Structure formats: structure tokens, C-alpha cells
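Consider the two complexes below, in which chain A is the common component and chain B and chain C are the respective partners.
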Partner chain A sequence: MTWIVRNLWLIPALPALAAGLTALAKRHQRRYSAALAIGAMGLSFLLSLCAFSQVMLAITHGQPSRQVVNFPWFEFGNQWLKLGWMLDPLTAIMLVMVTFVGLLIFIYSTGYMAHDDNFTRFFCFLSLFAAAMLGVIIANSLLLLFMCWELVGLTSYLLIGFWYHKPSAAAAAKKAFITTRIGDLAFLVGMLWLFSQAGTLLFYDQGAGCLEHSALTAMVAHLTGIGMAASTGIALLIFAGAVGKSGQVPLHVWLPDAMEGPTPVSALIHAATMVAAGVFLVARVYPLMAAHSDAASALSATTALQVVTWIGAITAVFAALIAVAQNDIKRILAYSTVSQLGYMMMGLGVGGVAVGMFHLITHAFFKSLLFMGAGSVIHGCHEEQDIRRMGGLSKLMPVTFATYAVGMLALCGFPLFFSGFWSKDAILHAAMGWSISRIPFYLGSLGALLTAFYMTRQVYYVFFGTSRLASHHEATPAAHTAPPTPHESPSSMTFPLVLLASCAILLGAVGTPAWPWFDSFLSGEAPIFAFAGFLEHGILPVMLTSTLIVFLGLALGWWFYGRQPILSADLPDALEQLQPGIFRVLQNKFYVDELYEHTVIRWNSALATFSDWLDRWVWNGVVMTVSNLVLGLSWLARSTDTYLVNTSFDEGCNTVTTSGKLLARLQSGRTQSYLRLVGIAFAALVLVLIWSARS
Partner chain B sequence: MLAWTIYISFCAVFVLLLLPNRMVRTARSVALLSAIAAFAVTLAAFWQHRSGELQTITRVPWVASLGLEYHLAADGISLTLLLLTGIVAIAGVLFSWNITHRVSEFFAFYLALIGGVYGVFLSFDLLLLFIFYEIAIIPKYFLIAIWGSTRREYAAMKLALYSFIGSAMVLIGLIAAYVASGARTMDLSQLAQFPFTVHFQMWVFPLVFVGFAILAGMWPFHTWAPTGHVAAPTAASMLLAGVVMKLGAYGCLRVAMALFPRGLDAWGFHLLGFGSWRDVFALMAVIGIVYGALVALVQKDFKFVIGYSSVSHMGFVLLGLMTLQQIGIDGAVLQMFSHGILAGLLFAVVGRMVYDRTHTRELAQLQTMQLSKVLPFAAATFVIASMASIGLPGFSGFVAELQVLIGTWHAYPRFTLLAGLGIVIGIAYTWRVMQVVFFGEPATNQPANVAPLPPITMPERIGTTLLVATSVLIGLYPQLLLRIIVPALHSPLFDGLWKGSQQ
Partner chain C sequence: MTPLSSCLMLSALLFSVGFAGVLMRRNAILILIGIELMLNAANLNFIAFWRYGSAPEALTGVMFVIFSIGVAAAEAAVGLALIISIYRHRKTTQIDRINSMRG
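Up next is the complex of A and B:
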């Protein structure tokens, strides 16, 4: 085992350390905190490159490409719970991507956040986020992965809500956290189920891990009450976690709102890393997803993979439709991200790990490029985010425009020269050959058309025509005296853009059908170069179709938005003029938020109110009744005491007193009375004697 | 040596009672020093006590004619809870630094409560345990009735009555066991070995279990808890939620379940879908988890939210006990520790940092105060505490609840889902109060002037650091406590329990 495998933990530990040190820093130590974060990230990047080359070497020498390090954590019931990390091609490639994109975004942030008061806090959160994300990637235990996954969720909450004084940002952060936690709950349940089935949460542990043959066979054979294999149930629950994190339908609602965070955050979290974590999770537990009951049916897709495919395909189209009608530059990109994540899921479902992951990697580069470009635009336009109020920026911000165009073409999948083309093509080709249905292919193609369309719309709005920023600012009386002119961003912001743009072009080369380096790297084989790859069954027709679709989308975009320059910010959208009803539905995101507002949230609060009512009136009522009963009883007792016991006691006392008084009179000590009595007695005696003498 | 925890606390009570009322500073120091000394004693014992098995501390005859003994002993479970008591006690004193009304009396009652708690955790003679249990009730009453707030007489009385009803049930059970065994002993380990008839255990177990579980806040006997927590002064709420509720859970495990394990067996028939007391109590625990969380979601008083959250989190402890799985009970003990620390922290923020400064706990009023700007330290502490409380990995709550859930998965798979639902609602209510209290919008009609509040003092900072550090330490390295908890659960005391669960 080499040095890098044993010390792989350093890669997440370095940013974590940086975060800790930054947290202790004073508010004004801006340079120090930025240097710390970037330095740690740079070192992590170098280590990731080391790890990457280690895997490359192992593959070329024909050694096993996966190495794990496990260590005991604590006694878990009757056994030791182990955690661990691993290095395999999937980890290696994700490490390089995340550290590289992360590093560029860190550098970009120094420019973008330069005027923010909480600069040090921002870098602290960024580093912490990077640490958690890298932890997710290297984890060799579902538990460790889950822990880092939760940390990722927390830091993303902190970053989305970074400008928490904006109520919309605070609300978005809350929504993001709670929505993803709903998915995480399913993930947690899946994890518990997996633990009870496999007895371990380590992925690979020399044959005893939960993704290895013996555990998988056992889980496939174990049927649940409704006739579903345990492996399918677990896989679906874990997938639900991925749905939450990767913004798939129906848990996508948080992602567009999350754009309230600073733009570098959107680029880092909502384009390159966190949202990709869901896709990565599915890729990581792919053996579980694809586990079959018997070898005979190994060619058809499992239930779990079918669900993944359908959810992905539906999301891809659904989000692309919404993106057509948005006006916020970042929201368009957000819905585009949701849509592209749908593609990745679909790719995993129909074509396996390599297809989905290739799109993940290429997308990470061009989408963070687009987000950072959008950030540059927003920065240049003085925090304006509405594309209807931009325009004409191609001359004012040339670098941003050029790089943004590259990103846009890569996203649309412009043929041959852009990475997005190759990765999207691989997905479409796999979907074409899917054994279950062809509908995902059609959905995917429709999504591609829409993508090209809405990106063209956005670019025309933002970069062409005349600037509509000034006219808007004159309309508001509180604006600056002179209408602000958009300006190009500082070099700390444009430099990462250029670097990312070149990656967005070059990366396509590693995954062409002729040289499927990416595919073979992930499966641990040496790649073969052959032009014959193009001639394989169905590849050329798919390439031609997707090229046609892209051009069609671009042309439609030009037809609606490019023919005549957009003159005023207040004019209705070209599509809105054509189909106002549909446009409104799209603009309101199919009313999903409202639906949730009226169902889940309302039910929940009703239940909570009911419980409170129960507590206040029923349980408290019971308590009050009991206490009233007791009080009543005591009142009764007191009455008995007062009126019965006490009265008779008093009566008794009175009787005694009266009789005592009566008797006392006899002994009053007055001689006259005594003499009188003696006299009376004497007289009586005489009378008695006389009476008896006569008889 | 551990017996000194009790003696130190009660000695300090007498010293404090002898102090003249104006020597405020001395009173505080005495309280703090004694809390620290008791904790230091526990820590030293924890250090020496490698294995976690039962160790006798003192054993002398007490009432020889009845076979009663003064018998103190400790195992891993007691030690864990002693550590918890020590930490919460120190933090409680630190968070009561601002008390000015009848200071020495306050701390005297406070330390009497602590001493009683130490006594319960250390007693291995049942009558002794019962006596300490009663001793702990009385100071609670006075702490709330004298230094409390909202409806304090009512809350104090409610709390006292609930506690006494519970202890009456316990006492009946204990006497029944004493008579039925005929062994003329109240020694816990001896009685635990005695084979009571199943029929006998079937009625005594629920009696004693419920008697203790009332204090652990089991639904539907929980209503004393939120009212009591709210009315109590900060340190007392910290102790109530942090330690006193653990007394109940400890009694459930140590007395009810250890003495009458067969009471958990199946009845042999089904009534309303329940097949045993275990099913009944497990359901009550799960209902408590979900119900407490739901009620917390709609409270208007900041402290009530935390009060109900305690009910919810204690549900995990009871659920873990009812799994009868090694892992579930480990988790339950760990959850007792974890919740003690975190509830203490949450009440400290609510009661000391916020209420003592703003003099309101109404969420609607706190919303307009922009507390995140005025009291950034309180905001940061509350964010950390709520993260820990909703079970974020890295804090103690996560490892504890995870073990409980895994145990539950084996015993009651369906309840796992319900408990999970409780966790999600837990996030919702935590988030709601966090957002409203600390990150609320200033009212538009009011000028945005932020009334300056007294800054956070050094004792508060120290107390916060102590509690947060403990939670993180256990969250990252739970083996520290599990090392002594696991062997303790394998001691002969719990033999009956494991035998029963394997049937």
C-alpha cells in the first residue's frame, strides 16, 4: 500500500483544518483567511493528483485499481463499527475534479466577495464545505459517507443563507435544508436496512463489504413482504437520498431557490460538487442498484435502475421546460442544472457508471464556468440579476462573453469541439439501446432541444442588443446620479473563467467513442485508441440526430430572440406573446411550490396544531379533571369536616359547657343561696315528715 | 471514592445555608467549587474504572432488622450518568452566575438536588435509591416555586405531584418485591437474581416502569415536563431536562427492567394489537417522539419549544430500552448522556442568554429584536446546539440515535419510520425557532434601533464551551463512554433481560 493511500484522509483534513483556523481568525484578517483556504485547497489538489496518478499506474501495471483502509471506530452492539476510506478510479477522478474546480472557485471568490464584511466567515464555510464534500468522495463506509453528506448539507445551508439578512436567502436556506433532509431520512432508513441485512456498512472489506459479492447475493435472495428483493428496497431508499441532494423531481424545489446565496457558492455547490453528490452516490452503490437475482436476467435493467432512469428522464425535460420561462440569470442556470442532473441519472440508469459520471465531470466544468460567468455579469451590472434589464454586454465584458459562450455551447452540446456534446451523446446513445423503453431517449432529445433554446434565449438577452440597464435605473428615483456602466471583472475572476473554458473544450477528448479513455479508466482497464469506435452500432446516427437537434434549438432561439434586438425591459417575452397561458405555467414552475404549500406543509401544521390542542385540552384536560376531582373531593371532605365532624364536635363541646355551667351554679359559693337551699330542703323535709306521719 | 460526590454536595449545602445572605460571591464560589470537586472525583473514578463492571464503594448494614443496607456501588452506566451530572452541574452554576435573589439558598437547593441525583445513581440498595429519589424531588419544588417564572406555583406543584405519584407507584412495587422474595433484603443485585413468578412480574413491572417513566417524560405522562421546564430558573431547567429526566430513565433500566425482566415477555394473547408490555411502551415512546416534535412546532413560547423537544428526545431513550437489543440499549444510555448535555445547552441559551436579557420568550416579540446582531454569541451557540440536537453527525446525538434506530429496526421495523418522521419534524421545529428568534425581520413600523443588551459574560462562555466540547468529543469518539457502558450491560445484573430477549 502506497503512501498516498494510507494518507488519503489528508485530502479532506487539510480544508477542514483551514476552516478551523479561519474560524479562530479575526474579522479583519481577510488576506490570511483567503490564503489559508486557497493554500489548503491547493495542497489537496496536489495530493489528489498524486492519488490520481497512483490509480493510473496501478491500471497500466494491471494491478487491482481499488485500495481500501479501514479502521475501527466504536463498539456497535456486539461488534466493532468500522469506518474507512478508499482509492479507486471513481474516487480519484472525483477528487481531481472537486479540488480543481474548488480551487478555481476559491480564487474567484477573493474577487467576488472582496467587498463583503464577512469575508473570513465566507472562507471558513467554503473550506468546511470542501472538506465535507471530499469526505463524501473518499468514504469507504456508507455511514462515513452519510456523515459527510449531512455535513455537506449543513455547510450548504450556511452558505445559501450567508446573506441571512435577506429574508429570501434565509427562507431558501431553510427550504434547502429541510427538503434535502426529507431525502436523507429515506437514505438513513435505507442505511439501517442495509446494516440489518449485510451486518456492515463498509463498501469493500476483503469480501465482507456490503457491495461485494456475498452480501449482494444474500440481499438479492432476501425477499420482503411485498415480493421485492431487499436489495431493490435498499437501493430505492438510498436513491431517494440522492434525489433530495441532486434536486430530482419531486424534491427539486430547493435548488432554484438556493440561488439566493453568493454566486461562487452557486458555482461550487449547485453546479460542480454538492448536487453532483447524489449522482456520485448512485454511482458508488451501483453494484447494489444493478444486483440481479440470477445471471439469466443480467441483461435487463433492475427495478432500481429503471426508477433511476425514469426519474432522471422526467427531471431532464421538466426542468428544461421551466428554464425556458425564467428571467433571473441564475435561476435559468439552476433549472438547467436540475435538468442536466436528470441527464446524469438517466445516464447511470441506462448506460452504467461511466456514462453518467462522464457527464457529471464535463458538466461540473462548464456549469461552474457558466455560474461564474453569470457572477461576473452580475458583478459587472451592479447586482442586477434580471436578464431583461441587461443586454449589450458582449462589447463591455469581452472575456466574460467569450468564456460564457464556450460554456453555453458546451451545455447545448455543440458538435465535436465541446465536451458537453460527447458526454450527452454517450447518454443518448445508451438510452437508444435501452432494453425497456425508448421513451427516455425521446425525452432526452426533447431536453437537448430545450436546452439549446433557452441558452440561446439567455445569451441574446444578456449579451446582445443594447444595454437596458440604464433605462431601468433612471426609472427609479433612488438610483445613483449617473447611470452605472457595466464593467469587466477583475483578473482574479476572469482568470478562472478562461481556465475553465479551456477545460470545457478539451475534456471532451477523453470520452469520444474513438478513444473511450474515461470509460476504461473507471472500469480499471487500459484504453484502446481506434477510429472504428465511431462505426459501432448506432453511434453515428445518434451523433447526427443530436447535432440536428442542437442546431434546431439554436435556430429557434435565434428566431424568437435574435432576429430583432430586444429593446425594452418591460416588453413581454417573445414566447409570452405567442402562448401566454403556457408561459405563465412555466414561469410559475408548474406550481409545484404552491402544491407542496397546500398539501404537505398544511397537513403537517394541522397535525401539529392538533397535537398542541390535544396537549392543551385533552391531556391537560385530563390533568385538570383529575385535579378538579381531587379538589372536589377535598371540598367534600372539607364540608364533611366543617359541617359534620366539626359541628358535632362543637355541639359536643357546647353540651359539655352548658352542663358544666349548670353544675357550676350549684357551687357558686354564696352563703345566702346555700342557706336558701338548706331552708327549702328543710321545709321540704318537714313537709315530707308530716305527710308520712299522717299516713 | 465516588461516595464523596454525594458528601461534597451535601456538605456544600450546609456551608451555604450557614452563609449570611449578603455574601453572594462566596456563595457562588462555594457552589462552583463543590460542583467541580464532585466532577473531579467522578473523572478520577472514570479514569481508574477501566472495565465498566460493577464495583462496590461502601456497604454497611443500616436497618439490620429489615435487612436494609447503606450500599453504594457504580458500574459503567452509573459512571456515565455521574459524569453527565457533574458536567451539567458545573454548567448550571456558571449559567446561574447572575442570580441575585436569595443566592445562598438558591445554590443550597441546587446542590441538594445534585446530591440527591448522585445518590440515586450510586445506590444499589433499593430503599436507599428510593430515599435519594425522594430527596431530589423536594429541592426541585422550591427552586421552581421561589426562583421560577411563568405560573411557577402551578408548575412546581404539578411537578411535585407527578413525581410523588410516580414514586408512590415505585414504592408499592419495591415493597411487593421485598415481600414476595421473602429474602429480607433490598439489595438490587440479590433481588435481580430472585426468580419472581411471571404472573407477579407481569403486574409489578408496568407499575414500577411507569412510575419511573413518568419522570422520564413518557407520553402521556409528560405534561409536567414542559410546564416545569418553562417555569424553572435556567439552572433548574438545565438540571430538570439534563439530569432529572435521566433519573426516570435510569430507574426504568436499572430497577424495573433489571428486577422484572419477565414482565417484558409476551402476554400470550393480543389486545388491540399489543402482545406485551414491551409493545405498549415502545409505542408510547414512539408516539412521544413524534408527538413532542409536533407540539414543539406550534409553540409560541421559546422555552416551551425546548421543553417539548425534551419529551421527543427522551422518547428515543425509552424506545432504545424497549428494543431489548444490545445496540438499542447502548444507544439509549448514550442518548441519556447526549440529551443531558444538549438539553442543558439549549436551556442555557433560552433561559440565560436570551430571556434574562430580553425578558421575553414570546417568539413574536423576539422576532423583531434581531438577536443575531445583538447577541451573536448566543446565535452561534444556538445554531450549534440545534444542529447537535437534530442529530447532525459529529455530535453526540447522532451516534446515540443511530444506535437506537438500528436496534429499533431489528425489534420494530415500522417504528423506525415513525421515529424517522419525528427526526424530520424535529428539524422543522428547530429551524423554525432558530429562524424566528435569531434571524427574524425587524418590524417595519418600528425604527430599526437595536436596543443594546448586556453582553455575554465569561461564565456563560465557559459553560457553553464545556457543553459543546463534551458533545463533540462524544460524537467523534463515542468509544470513550461505550467502553464502560457495554461491559456494564453484560454484568449479571442484566442477565434476566438478555435471557428474556432471546426467547
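Up next is the complex of A and C:
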């Protein structure tokens, strides 16, 4: 076992240490906290590269690519609860992605948050987030993964509500936390079930782990009351956790609201890493998802994977439809993230780990690029987020425009030169060959069309035409001075943009059908380079179809928004003029929030009202009856007391009262002085005991 | 192996820190924190005597401490509720201003 495997824990520990040290820093120590966070992240990045090269070496030398380190945590009864970490291709690739994107976003944040009062707090939370996320990645135990998972949720809550003085941000933070908690509850139940079935929560433990052959066979063979294999039930419960974290339908409502947080947070947590944790979790427990009994054919998908596929496909289209009608630049990207996460889930369901994970990695790069570009736009337009009030920025912010365009083309899946094309094609190709149904393929294609359309709409609104920022400012009576002109962002913000943009282009090269490096890396084989990969069954038609779809989407976007420049911010949307009814439904996000408001939340408050009523009237009534009974009895006792006993005692009582008054002066009513006396007495006792022991 | 006496010293130190906090602080919440420290010193003693005692395999100490932590959690909740209620009535949590129990 090499040095890096033994010390893999350092990768999350360094950012955690940085978070701890930053938490102790004073508010004005900005440079120190930023340097600490970036330094720790940089070191983690270097260590991740070491880990990555270690896995590469193991693969080229034909050694087993998975190495684990387990250690006992604590003893419970006669059982040892073990935790551990592992290094396998999946971990290695995620480590490099998270630390690299994280590092760039840290650098970007120094520019974006430069004017914020709580700069140090921001970096403390960001480092803590990075530590927790890296912990999720290296965990070899579902329990350790769950603990880091919850920490990630906590930091997400803290960062969404970073500007907690804004009521909307505080509400969004609460919504995100509670919604993901619903999924996490199912996750926890699944974890307990898994422990009762497998007796361990370690993933891999020399044949005894819960994802290894013996445990899987036992779980598949064990049928529950309703005739479902235990493994399916557990997999579905764990998937529910992933649904919450990755914003899949029906728990997607929190992710768009999470855009209330600072933009670097949206880029790091709600686009690149945390929301991808759900996808990563499904990839991690993939053996459990795909476990089937020997009787069933290996070709047909398991129930769990079917659910994953359907949820993913539905989410992909659903969110893309909503994104078409949004006006907030970050909200469009948020719905696009939800939609792309749906693609990843679908990819995992139909094509296995490599297909879904490839899209996860490429998406992490281009979506954080898009978010940081959006942040740069917002920064340049003086905190304006409504795309109807932007426009004409391509000349004023050339670097942002160029990098944003790269990100947008990668997201749309523009053919051949952008990474999104290859990863999306891999998913569509796998969906086409799915044995159950062709519908996910059609849904995925529709989603791709919508993606190209709404991104074109956004880019035309933001970067082309004339600037509509001015007209808005003239409308407000408070602005007497000249309207502020948008400006390009500082180099600390544009540098990460350029770096990410080049990654968004180059990364596509590692997963083309001719050189499926990514696929073979994850399965631990050496890649083979062959152009014949393009000629494999069904690949060229899918590539042509998706190319056509992308061009169709771009053309539709141009037809609606590009033909005539958009002149005024108050004009209705081109699509709104055409189909006002449908547009309104989409703009209101299919009324999902309202539906929840009227069902779940109302039931909840009705239940609360009922409990309150029960408490107030039923239980309180019982208590009141008893107390009235006691009151009556005591009234009887008092009358006997007053008229029979009292007078004879009065004299004696007077004496007691006077002495009592004297003694009462000792009672100052300050508990601490009593305690002090007790302390002194105790010290005296100790002294006496010591002294008497000596003599 | 840590000798028993070091454990006891640590717990005595923890107890003294907590006790000093209870005596010196004026803020009710910080006093509550001091009490928690003292409780945990006692828990540490339980664990230490169990671990170095005659029957360390019987898990008695752990059980004792788990119960004690559970009770302490409940106690903290009650204590905080009391402080909040006092604060609502008197608009202060400075303990030396609250002397309505004076004789």
C-alpha cells in the first residue's frame, strides 16, 4: 500500500483545518483567511493529483485499481463499528474534479466577495464545504459517507443563507435544508436496513463489505413481505436520498431557490459538486442498484435502475421546460442544472457508471463556468439579475462573453469541439439501446432541444441587442445620476473563467467513442485508441440526430430572440406573445411550489392546529378538572385551618417570623454566592481530608 | 496506556474550569455551559473508573455515561427553556440582576 492511499484522509483534512483556523480569525483578517483557504485547497489538489496518478499507474501495471484502508471506530457490545476510506478510479476522478473546480472558485470568490463584510466567514464555510465534500468522495463506509453528506447539507444551508438579513435568502436556506432532509430520512432508513441485512456498512472489506458478492447475493435472495428483494428496497431508499440532494423531481423545488446564495456558492455547491453528490452516491452503490438474482437475465435492468432512469428522464424534460420561461439569469442556470442532473441519473440508469459520471465531470466544468460567468455579469451590472434588463454586454465584457459562449455551447452539446456533446451523446446512445423502453431516449432528445433553445434565449437577452440597464434606471425616480455602465470584472474573476472554458473544450477528448479513456479508466482497464469506435452499432445515427437537434434548438432560439434586437425591458417575451397560457404555466414552474403549499404544508399545519386543539381542550380539560378538584379540597382544608387551628398557632408563628426575618438576610437571592459558599466549603473539606490523611 | 490518575486529573481540571465558569460568569447561558463542562467531567470519571476497574468488559460505565448524556441533553433543554422564559419576563440574562428569590 502506497503512501498516498494511507494518507488519503489528508485531502479532506486540510480544508477542514483551514476552516477551523479561519473560524478563529478576526473579521478584518481577509487576506489571511483567503490565503489559508486557497492554500489548503491547493495542497489538496496536489494530493488528489498524486492519488490520481497512483490509480493510473496501478491500471497500466495491471494491478487491482481499488485500495481500501479500514479502521475500527468504536466498539458496541461485541461488534466493532468500522470506518474507512478507499481509492478507486471513481474516487480519484471525483477528487481531481472537486479540488480543481473548488480551487478556481475559491480564487474567483476573492474577487466576487471583495466588498463583503463577512469575507472571512464566507471562506470558513467554503473550506468546511470542501472538506465535507471530499469526505463524501473518499468514504469507504456508508456511515462515514452519510456523516459527510449531512455536513455538506449543513454548509449548503449556511451558504444559501449567507446573506441571512435578506428574508428570501433565509427562507431559501430553510427550504433547501428541510426538503433535502426528506430524502435524507429515507437514506437513513435504507442505511439501517442495509446494516441489518449485511451486518456492515463498509463498501469493500476483503469480501465482507456490503457491496461485495456474498452480501449482494444474500440481499437479492432475501425477499420482503411484498415480494421485493431486500436489495431493491435498500437501493430505492438510498436513491431517495440522492433525489433530495440532486434536486430530482419531486424534490427539486429547493435548488432554484438556493440561488439566493452568493454566486460562487451557486457555482461550487449548487452546480458542480454538492448536487452531483447524489449522482455520485448512486454511482458508488451501483453494484447494489444493479444486483439481480441469477434467474433474471443479466441484460434486463433491475427495478432500482428503472426507477433511476425514469426519474432522471422526467426531471431532464420537466426542468428544461421550466427554464424556457424564467427571467432570472441564475434561475435559468439552476433549472438547467436540475435538468442536466436528470440526464446524469438517466445515464446511470441506462448505461452504467461511466456514462453518468462522464456527464457529471464535464457538466461540473461547464456549469461552474456558466455560473461564474453569470456572477461576472451580475457583478458587472451592479447586482442586476433580470436578463430583460441586460443586453449588449458582448462588447462591454469581452472575456466574460467569450467564456460564457463556450460554456453555453458545451451545455447545448454543440458538435465535436465541446465536451458536453460527447457526454450527452454517450447518454443518448445508451438510452437508445435500453432494453425496457425507448421513451427515455425521446425525452432526452426533447430535453436537448429545449436546452439549446433556452440557452440561446438567455445569451441573446444578456449579450446582444442594446443595453436595457439604462431604461430601467431612468424609470426609478431615485436615480438622478447617470446610469452605471457595465464593466469587465477583475482578473481574479476572469482568470478562472478562461481556465474553465479551456477545460470545457478539452475534456471532451477523453470520452469520445474512438478513445473511450474515461470508460476504461473507471472499469480499470487500459484504453484502446481506434477510429472504428465511431462505426460501432448505432453511434453515428445518434450523433447525427443530436447534432440536428442542437442546430434546431439554436435556430429556434435565433428565430424567436435573435432576428430583431430586443429593445425594451418591459416588452413581453416573444414566446409569451405566441402562447401566453403555456408561458405562464412554465413561468410559474408548473405550480409545483403552490401544489406543495396547498397539500403537504397545509396538511402539516392542519396537523399542528389539531395537536394544538387537542392540547388546549382535551388534555387541558383533564388537567383543569383535577386541579379544580384539588382546589376544592384545599379550600375545605383552609377553612378548617383558619378557624380551628390558626389562632392558637399565631403566637408561635410570630416568634418564628421574626427569627426568620433575621435569617432571611443571608438569602441574597443570588445563586452564585450560594455556590461560592459551597465551593469554599468544599475546598475546606478537601484541605481537612488531605491534612488528616497526612497526620 | 494513560494511567487512571491522569484521567482523574483531567476530569478534575475540567470540573474546576466548569465550576469556575459557573461562579464567575454573569450570563445565564454561559453558566449553563459551565454546568455542562462539570457534567462531562463526571462522565469522564465514570468512564475512567469503569475502564480501569475490576470488570471493564461489562459495559456498565458506557451505559451509565450514555444515560447521563441523555439526561444532560434533557437538562440543557429545560435549562435553556428556563432562561428564555426568564429573559421574556425580565429582558436580561445577567444572573446577578435576577434576585427575586431574595428572602
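The definition used in the following text is that the second predicted complex is superposed on the first by the 623 of 695 C-alpha atoms of A that agree within 3 Å, B and C clash if a C-alpha of one lies under 4 Å from a C-alpha of the other, contacts with A are read in each partner's own complex, and residues count from 1 in each chain.
The rule is short, and it goes like this: contacts are C-beta pairs under 8 Å (C-beta built on N, C-alpha and C of every residue); 3 or more make two chains touch, one makes a residue touch a chain.
It should be emphasised that the depicted structure is a prediction, and the values quoted were computed from it without experimental measurement.
Touch criterion met: A:K174 reaches chain B, while chain C stays clear of it. Shared-chain residue A:G679: touches chain C; no touch with chain B. Of the two partner chains placed by superposition, only chain C is touched by A:L663; chain B is not. Applying the stated contact rule after C-alpha superposition, one finds that A:L185 touches chain B and leaves chain C untouched.
Legend: residue contacts after superposition of the two complexes on their common chain; A:A608 is shown touching chain B, with no touch to chain C.
Common to the chain B and chain C contact sets on chain A are residues 77.
Only residues 158, 220, 223, 291, 294-295, 297-299, 325-327, 330, 372, 387, 392-394, 398-399, 402-403, 405-407, 409-410, 416-417, 420-421, 423-425, 427-428, 431, 435, 439, 441, 477-479, 482-483, 486 of chain B touch chain A when the two sit together in their complex. Remark: chain C residues 19, 22-23, 31, 59, 95-96, 98-103 touch chain A in the complex. Chain A meets chain B in the complex at residues 73-78, 143, 146-148, 150-151, 154, 161, 164, 167, 170, 174, 177-178, 181-182, 185, 188-189, 192-193, 195-196, 604-605, 607-612, 615, 619-620, 623.
Of all the residues in chain A, the ones that touch chain C in their complex are 77, 663-672, 675-676, 679.
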